[in-house]
Amino acid sequence: MNEVFSVSTRSARQSIDITDEVRGIVGRSGVTEGLCQVMALHSTAAVVLNETDDPNLATDIVTALERVVPAGGGWLHDRIDDNAHAHIKAAMLGPSELVPVRGGGLLLGTWQRLILMEFDGPRKRRVSVTLLRESS
Amino acid sequence: MNEVFSVSTRSARQSIDITDEVRGIVGRSGVTEGLCQVMALHSTAAVVLNETDDPNLATDIVTALERVVPAGGGWLHDRIDDNAHAHIKAAMLGPSELVPVRGGGLLLGTWQRLILMEFDGPRKRRVSVTLLRESS
Amino acid sequence: MNEVFSVSTRSARQSIDITDEVRGIVGRSGVTEGLCQVMALHSTAAVVLNETDDPNLATDIVTALERVVPAGGGWLHDRIDDNAHAHIKAAMLGPSELVPVRGGGLLLGTWQRLILMEFDGPRKRRVSVTLLRESS
């Protein structure tokens, strides 16, 4: 009921639609009713739910966060590492999303997709998927 | 253990306290101990937990997000649709909140209420409520 | 399967690593596989998952939010109380995090720790920990 999969990101900032991968795990789990949690096991990446039909939207989310939390914006953590901005962005979005499971599939709105947001790539990222079944 | 209800919003930006509606669903479910997830099935609306005693507070949250992510702020998605700002705001707040269920009711702090945040209204919005019972 | 513990914060803005306290509760619960929800029962404090190895990082998160949502930034709620900024920051980060439980412990990335973020201290804060066991 828990599976961890890897995603290799290719650039410093990137968004990757992971909905199909998560749907595959839900299908294999045999859970038909319950909840599915999807979590990046990292503190400089995040998981969000939003539209991916227009790929520019994820770029806009990255741009908005960059305006608020610019790389090299005088952050204390940059004295040790240069990725303070990535930590702050990830903390603002949060590492996980929770989605209902109904009839063996994810209950999502028409325009909702699960997106892994990379803020400090390229890297190999691990994503945890946990399924909790309704008890009867 | 899953129920979807609709809320008709009346303006472009709006906050609606949905705590009583969710409490009704928890009561009808018969779940006494567990978790309750409340999720907007949309990518331009969000669910937050905060105070509604002073209705100005939700307005302040909307104002703060508008300063950070202004409508028409040069977003790429606006070439297709004019609601990029609403998507970004919704992604920042997140579509769902999770609340413990204890003794048949929601475990909330004194000033915590469930609020549906509309960023691209007026629209009919669907809110999913999923209950997971503790197994013994 | 639900336990509430208290944390006394000592300053107006503060971050407190609560991972060990939560781990103790998970251990005592006897839950080996499932999910663990950690939630601040307040609307001017938040729970985030991020690095605490460098304590400056939490300071950077507070600084970033202060730039976006300054105290005394013309918020309507300040007419009643002077803590509008704290409410807005808490709403942006969200009050809770959800973590998988595997093999009796929390499934976290190497740099992920549970952090209580105080935005309106000093105060006594209550943190709820709810465990949901996988049903078989």
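Letters A, B and C mark the chains in the order given here, with residues in each chain numbered from 1 onward.
By definition in this document, a contact is a pair of C-beta atoms (placed from the backbone, for glycine too) under 8 Å apart; a residue touches a chain by one contact, two chains touch by 3 or more.
Keep in mind the model is a prediction, meaning the values are calculated, not measured.
Undergrad: Rounded to the nearest 5 degrees, what angle rotates chain A onto chain C on CA?
TA: In short, 120 degrees.
Undergrad: Where chain B and chain C touch, do the two copies share over half of their residue numbers, giving same, or under half, giving different?
TA: different
Undergrad: Please tell me the distance, in whole Å, between the geometric centres of chain B and chain C computed from their C-alpha atoms.
TA: 19
Undergrad: Please output the residue numbers of chain C that touch at least 2 other chains, ranges allowed.
TA: 35, 68, 92, 94, 98, 132, 134-135 - these are the residues of chain C that touch more than one other chain.
Undergrad: Could you pull out which chain B residues touch chain C in their complex?
TA: Of all residues in chain B, those touching chain C are 33-35, 48-51, 54, 56-57, 59-61, 63-64, 67-68, 92-94, 97-100, 102, 107-109, 111-112, 132, 134-135.
Undergrad: Which of the residues in chain C come into contact with chain B in the complex?
TA: 1-2, 35, 37, 39-43, 68-69, 73, 75-77, 79-81, 84, 87-88, 90-92, 94-96, 98, 126, 128, 130, 132-135
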